[in-house]
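Structures follow.
One chain, subunit A, appears in both complexes that follow, with subunit B as partner in the first and subunit C in the second.
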Partner chain A sequence: MNDTTRALRPAIGAVRRSFSPWTDPQARPLIRFESVTKRFGEAVAVEDLSLDIFEREFFCLLGPSGCGKTTLMRMLAGFEEPTAGRVLLAGQDLTGVPPYRRPVNMMFQSYALFPHMSVADNIAYGLKQDRLPRGEIEARVEEMLRLVQLEKLATRRPDQLSGGQRQRVALARALAKRPKVLLLDEPLGALDKKLREETQFELMDLQVRLGMTFLVVTHDQEEAMTMSDRIAVMDHGRIVQVATPGELYEQPRTRFVAEFVGDINILEGKVAGMEEGGWRVETPHASQALTVFDPDEVLGHGQPVAVAVRPEKMTIHRQRPQGPNVLEGEVWDIGYLGDWTVYRVHLGSGAVVRVSCANASRFVADPITWDERVFVAFAPDAAILLSR
Partner chain B sequence: MARRFTWFNATSLTLGFAFLYLPILLVVLYSFNASQLVTVWGGFSGRWYGALLRNDALREAAWVTLRVAFLSATVATFLGTLAAVALTRYGRFSGRTLFTGMIYAPMVMPEVITGLSLLLLFVAVGLDRGFWTVTIAHTTFTMCFVTVVVQSRLITFDRSLEEAAMDLGATPLRAFLSVTLPLIAPAVAAGFLLAFTLSMDDLVIASFTSGPGATTLPMRIYSQVRLGVTPEINAAATLLIAFVTLGVTAAALLTKRAAQTQARL
Partner chain C sequence: MSRSGWRKRLARAAVILPPYAWLAAFFLLPFVIVLRISLSDPASAQPPYRPLFDWTGGWDALMAFLGALDLENFETLASDSLYWEAAISSVTIALVSTVLLLLIGYPVAYGMARAAPRLRPLLVALVILPFWTSFLIRVYAWIAILKPEGLLNQFLLALGLISDPLTILNTPTAVYIGVVYAYLPFMILPLYAALERLDWTLVEAAQDLGSPPWKAFWTVTLPLSLPGVVAGSLLCFIPIVGEFVVPDLLGGSDTLMIGRTLWSEFFSNRDWPLASAVAVVLLLIVVIPIVFYREIEARRWEAR
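Showing the complex of A and B:
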């Protein structure tokens, strides 16, 4: 951490705590996708998609490959034109504006550094296109090099840099023109795990310090969860859910989101009624009906529904615990991850549920082991009801 | 794969190379012959190279050849590169196959036909045959070779480099000039050298399209040989071979280097 970051630390925290323009009905979005459709011949990449992104947001487009997230970003950058609908930036319609006239800059997945130019020349490239005075270009390049801590490597060529350094150069080059929006296409995809984690937090701090809007495309849910203010989960050219990372994890709206973001156990069943404010769900996986508190769902009697529970919200026991929602089964697999232990419990119904337990102490006298009969329990408010 | 030495391989290789290069070797050898008679070895001498220097007709022809080659290769490189860019970049325009076919056609077209059709064209337009018509004809038939060389480089060219340049505010033309062109320069240079050598050793098309006062070196050699081979011609041929070999080797080296730069990133 450098000194500037340390000095700004309290301010960064304050911004993060209070930032939520999407809940303010008065707020005007910086970027607006208005019923955008993009077709490539027969294939539909993006279908009738509308989305608002606000100034200073760290926004992630998350989805499996081929879901249209990159196409959506490329339409904002200007490399693709929508087949129907419009893209607006700060109220201005971007239709027909070529990429070189759009006040957005992009960091490419491959970084796309110019191999025949030095680091400094790469960073200066965009500024030279604007025909800024020489002194100003030099000052800005200097500033960018300092920002990404590459002052010493200014004269190197891209092929003399490590992967992490290249990523920084690409970032500096995209930031040099001070764009209204910085687009990042899988920004950390090419880095190894340790470096990725470090860089995630650096990007977050940078975004708050520069007061810039970041739009990130990624297929890595962990990356999206760590960095974003909000995430849009995409599938087959549509947005399935837009929410904060917390909401996305704890209140996924569809099975796709629940399964794509994090691990989850799905127990199929049927609504059997309502009792004391909780839904009763009959399922072949448990001897008694399950109780779930999920006020968001409105369901009819007999409707098929899935009870979804995250592995860490389940507990594993040797004796049948008190209370509702107990499943019975046998331990089939144990995965020891150090911080967590994951049990795969085979239920009598044939389904397998995953239960993860934090390893809070270093020694356990009599740990649960393979083939043991166990009980898995979860609280009524730990589960989610999913009808879609 | 085992790469063992066998007598069969060695023999076939020797025969193959002998078949290809023995005639050329003889020309080179006899250019250093001291004897007046072409087929009789009279000892080593460089006298025919000296005679060559004093032969005004041959010198004149060499000078014409170099000028034609330089000019036509330059224009062919320009046009051929543009065609290569169009073919790789605008992948899906209608009539692409036809366009590709038309660019590559001169490569497989019999030279006699290319020469004849160009001759008919020049006559029809009323263009006086001479230096300029040879140059135009050579541009036409060398252009496709430039296109092939440049296109093979562009296919492996990372498109996002150009997009990055445009994203940073460069117009498509500026992006091409400041990013694409410097990176494909070795391939363009290789294309130029190839066009240069092809133009230099062409006889058929040149004899169709040339006129008085624009006799190229291969034409001059050919016409002199019809009156009898002199050791002087051997010397001229040897020099021509040296030039072509240099050009082709340089082109190959440039192509290889271009592939390596690509592989490094």
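Showing the complex of A and C:
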């Protein structure tokens, strides 16, 4: 990270903390998908999808391969027309507007750099289409090259660049026109982990600095959590949940979201009633009914339900702890990750739960080891009830 | 040198040698023979040129033989405007035909490359299909179509578009029709190969950056298909310059082409040396664009 980004960090923090137009009923969205459906012959790529994205938002589309992320983006860029529904930009219906008239630029999943042009010509391409004066084009190209730190490679051709450099050229080319909305389709797919993390912060910084709206596709949930204001989780052409990273992690609405975002233990059971504000759930995995505080769910007696608990919200003990939710099992596996240790505990019911513990001290006198009998516990408000 | 070293060398020679041997036997040797005849004088004898080389005569005979060779035939070619006109007319016809072929072949190849992938093999097969019939028969068929009482005139008369039959056969128009028809596959296939490999997301990227479709074509599709354009143009231009069958059958007596001149010198006048000189000149005309092309290619590689 360079000095400018470091200097800007507190400012970004302030912007981020106070930014939540989606909670404001008065706010008008910049981008609106209105019950959009896209079919390719028989196959449905996007199904009856509605979504609002606000100005200056850093919005991520997250989902497994083939769930329709690229298709959604291509409909906004103008390469696909929706089979049904419409796409609006700043209140204007985009139906029938060709891609070259949309104030939206896209960074392609494959980068799509022009192989017969130099890096500088690639970046200048969009500016030339706008018929800007030559001096201005040159100045803007220079600025973009500086931004992505490729000044020295301006005359190279794309096939003489590394994957990461190509990705930066593609980004610079899409940014050069200063579009209202920048679409990025897996922008960091080709980068190694370290460069990826650096670039994530650079992208966030750029987005705040240029005041642009970013719509980013990724199937890396960590990347989505790091960068976005909000995330839409997609599955089979539909949006399952739209939420901030925190909400998505702590209050997933469905099992699919819970399992897709982060690690989670799922314990199947049946609702046995309500006691003191907490749901009682009977499950074969524990000798006593579990207690869960989850005010969001309205459930019926006997209804099948899943108790979902993140590994870091469980604790592991040698002696049976006091408290409502205790599972009993045997340590099958221990994964030491440096910052965390992950235990795989095999319960009497046959299920395996993962428990992760922060390694707060460097040495532990008598650590839990393989094949030991242990107790796993979690607080009633650490778990989520999932009925879908 | 070790045994395996020799083996490697031998293996490499075995790979490299055949194409060179082929070129030497079927290109270089015939060319030397033609060149040697073109430097001789005609004679009413068998073979119809002099001097002949006496293998038994030794050094003196060789010197005498070489002394008798001269550039007389080339001087004749240069001084007689008929040959100049034939050469210029051939090159003109070849150039115009190549441009026509490009104008027709490019849209066809483009359409094929953008067709559904499962249709493409069928389209390629359709382009190659005419080769199943003899070239000569196909050119004869054009006579039946183009002659005054032919299919085309009957059709146009029936539609009432014309009142008198058009004279197309035995005019330069007929030559252009025949040449363009005959060479179209040679233009379409290299263009198709170049366009089919093209990454169409590049065109989308151009449009995304503000280019209307025609401009995206001009700035992205066309430059990237240029190798196909050059290959197709060479593949058509070179044989058309020396084309004999089409002008002979469709062009009538007033279409001058160097291939026909060569033929009549050879068979009608039995002037082998002059015919050989025409052949050498034809070869030079054809070599120029190839050298030019190689020069461009070399520069392109250097620029990388």
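Just a few scattered comments:
Please note the rule applied: the second predicted complex is superposed on the first by the 380 of 388 C-alpha atoms of A that agree within 3 Å, B and C clash if a C-alpha of one lies under 4 Å from a C-alpha of the other, contacts with A are read in each partner's own complex, and residues count from 1 in each chain.
FYI, contacts are C-beta pairs under 8 Å (C-beta built on N, C-alpha and C of every residue); 3 or more make two chains touch, one makes a residue touch a chain.
Keep in mind that what you see is a predicted model, and the values were worked out from it rather than measured.
Once the complexes are laid over each other on subunit A, subunit B and subunit C cannot both fit and instead clash.
Looking at the shared chain after the overlay, A:158 reaches subunit B, while subunit C stays out of its contact range. Looking at the shared chain after the overlay, A:35 reaches neither subunit B nor subunit C. When the two complexes are overlaid on their common chain A, residue A:116 makes contact with subunit B and with subunit C alike.
Contacts of A:20 after superposition: neither subunit B nor subunit C is touched. When both complexes are overlaid on chain A, the residue A:108 reaches subunit B and subunit C alike.
Legend: residue contacts after superposition of the two complexes on their common chain; A:129 is shown touching both subunit B and subunit C. In the superposed three-chain arrangement, subunit B is struck by just one stretch of subunit C from 58-66, 184-192 or 292-300, namely 184-192. Applying the stated touch rule to the two superposed structures, the overlap between the subunit B and subunit C interfaces on subunit A comprises residues 77-79, 98-100, 104-106, 108, 110, 112-116, 125-126, 129-130, 173, 177. Residues of subunit B touching subunit A in their complex: 158, 160-161, 163-171, 174, 178-179, 182-183, 261, 264-265.
The touching residues of subunit C, counted against subunit A in their complex, run 199, 201-202, 204-212, 215, 219-220, 223-224, 304. Across the complex, subunit C is touched by residues 77-79, 98-100, 104-106, 108, 110, 112-116, 125-126, 129-130, 157, 160, 173, 177 of subunit A. Residue ranges on subunit A touching subunit B, taken from their complex, read 77-79, 98-101, 104-106, 108-110, 112-116, 125-126, 129-130, 158-159, 173-174, 177.
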